Structure formats: structure tokens, C-alpha cells
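Just dropping this structure here.
Going in written order, the chains are labelled A, B and C, and every chain counts its residues from 1.
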Amino acid sequence: MVLRQGDDVFARLEAVMRDEAIPAAIISGFGFVGKATFGFFDYETKQYRPKTMTDLELTNLTGTLAWKDGEPAPHLHGTAGDDSFRTFGGHLLALEVGRGSLEINVLLIPTRLERAIDPDIGANVLQL
Amino acid sequence: MVLRQGDDVFARLEAVMRDEAIPAAIISGFGFVGKATFGFFDYETKQYRPKTMTDLELTNLTGTLAWKDGEPAPHLHGTAGDDSFRTFGGHLLALEVGRGSLEINVLLIPTRLERAIDPDIGANVLQL
Amino acid sequence: MVLRQGDDVFARLEAVMRDEAIPAAIISGFGFVGKATFGFFDYETKQYRPKTMTDLELTNLTGTLAWKDGEPAPHLHGTAGDDSFRTFGGHLLALEVGRGSLEINVLLIPTRLERAIDPDIGANVLQL
């Protein structure tokens, strides 16, 4: 997939999962990011502490596509560099393509994979 | 592919694209870098502002191989750590293997892919 | 593979290589890390200078599985972000899963690959 400026990466991946009935997939990608919201999981509050950054070269996007309660559930981590090549990274809560494009490679897995809350750790875990 | 000290990664990938008539490919890799030149695209000048760094562990190389105007056109992004494990990353303009080696995984795509300048954004975009 | 809190990533990969007789593989992954030990190779002493860090989101794991002297020899590089999304990365000496999980994609290569010390550079190099 080649996404263009302004595209919402999560929404686009969710639409492709529905339209193509993708059972599961491995994601890799890179490109230019207009806006990225990272979140660090706080186990006390069970919430992600978010931070939004703008205009970054995404050096790597790594993730999986799976389903949760019948809905598409992409899980993406990213690393991105700013105009001085310092890098930032973490779990992605939102990602919007910037000027230029973002290339995503979707490697299909033929078995449907589901995520579910693991009661021991209070987080979503991919069930194999 | 396993590249060795002093190898020019772009020249080696371009040679393999020609020699093996690779229509397109997904690239991932890692290894030791003698010299990496990153570039951040400046939309005002339509030029990359470059910075060269030396002796880094490349933690991830992500990219695609495609063609532009009949010539091989690798597009690579990288993240790399220095001797204190701080990381730097961005769009790669040049990459030379350092002491040790650099391992590159080339996942072939059977369809020939071309890049072309997108007039709206003034940058090369992969055409699917 | 989905690894859980406390799992030793190297030990788990080595066990899978033996149990499934994996000739070689490309590794990618991401998830939450309880403890990561990075090492930067010092060519004077031929030793890795190590540094251990805790509680990081692993934004990317890139590596290969091969064999050396009849033993499993995973080679892994990683990039990881802390709670302020600063990233660190390099060659991994040890990696333990943190709260949550770590997802690893193992892409099998049908040919057995071996690592051997390259006498010119004094480091392990993958033999193709």
C-alpha cells in the first residue's frame, strides 16, 4: 500500500482489513509522517500517556493486523527521526501521513488471529 | 545478501537489481555501518539537507526497490545507534558498511514497480 | 510467536530453532521489554561494551537465525523507546519480555545458514 498526505494510517488499515477480509497480517513500513501520536502504557492507571509529534521521517513501522471482538485491531509500533535525525519511538496511538508518502508492506497470514485482554497483565495480547 | 566492510549499499542493491532483473522488492536489514548519510527533505528548496555520521550499529534498514525512468531506484530509511546506544535515523542518501557486516533481506515482488514525481507534492512516489 | 512477561527472547528462539530444526530465518518483532542489554563492539578488545536498560517499548527487532559450530546463533538488533519516547538501540546481547507481550515474526529460510568468525575482521559473519 502507498498512502498519501493526510491519510489516517489506522483508518486505512482497518478499511483494508474489512474490504479484503484479511484474517491477519504482518506490517512493515516507512515514509513521511505529518503527525504521530505515541503512547506509553501506565500500568497503574491502565491508560496510555500520549504525546503527539509532527513532521517526522518514519524510519520503521512494525506491527500486526488482527481482530478483537469482531473489529479490526491493528497494533503498530514506530520509530521516526526529526529534521536533526534524532529519533523517537513507541507504541502508536495515531498516525497521519505527511507531505510525500508512506509505504506499507502487508504480509498476509492465512489464519485469523484475535487479540484478547490477558487478565494477568491487563493488556491486549495476540492469541496464537 | 551479506555485505562486507567498505561496500556501498546503494551501489550493491542497484547492481543486484540489474543483474537479477528484480521487478521490485521489500528490503529489511541490519548490521554495522561505517558511514551513513541521512537527508531531511526541505519542501521549500526541494532538496535534502544531509548529515553524515560514522561507526553506528544499524538497528533497522527498511525500504523498497523499484525503478525510475529505467534506472534502479532503491528507497531506504534507517535507524542506527552509536557507542552509547543513542539512535539517529531518517531517509538514507548513502550507506557504507563498516567493520563487520551488514545483512540485507530482499523479499521479491513479482510485479515491476516504478517511482514517479508526484506533481502535487514534488517528491518521488511509488506507483502501484 | 507471542512471548510473555519474563520470557528470555534468546533462550526461546534457540529452543524453537532446535525443536523445529529451523535451518535459518529472518526475524522481525516488537513489543514491551522488561530488560534489554545492548552491546557495542570494541575492535581493540574484541569485546562488546554492554549497557542494560529497563521498561522500554521495543519499536523494532530485526535479526537472523543461523547456526554456529552446531549451536543456534540468533543475531538480533533492536530499537526501543522509553516513557518519554526517546529511543535507544544497537546489537542485542540479552532481551527479556516486560509486562505485556512481545510479538515475533519468524520468516523461514529453507537453506541452513552458518555463522563463522571472519579472520579479517574478527567478528562473526553469516556465510551465504
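Keep in mind that, in the parts below, a residue touches a chain if its C-beta (ideal position, glycine included) is under 8 Å from a C-beta of that chain, and two chains touch if they have at least 3 such contacts.
What you see is a predicted model, and the numbers here were worked out from it, not measured in a lab.
Copies chain B and chain C of the same chain sequence form an interface built mainly from non-equivalent positions, shared numbers / all numbers used being under half.
Note: Cα superposition of chain A onto chain C, rotation of 120 degrees, nearest 5. Chain centres here are Cα averages; for chain B and chain C they lie 22 Å apart. Residue positions of chain B touching 2 or more other chains: 28, 60, 79, 87.
On the chain B side of its complex with chain C, the touching residues are 1-2, 4-5, 28-32, 57-61, 79-87, 99-101, 103, 105. Of all residues in chain A, those touching chain C in their complex are 26, 28, 38, 40-41, 43, 49, 51, 53, 60, 62-64, 75, 77-79, 87-91, 107, 118, 121, 123, 125-128.
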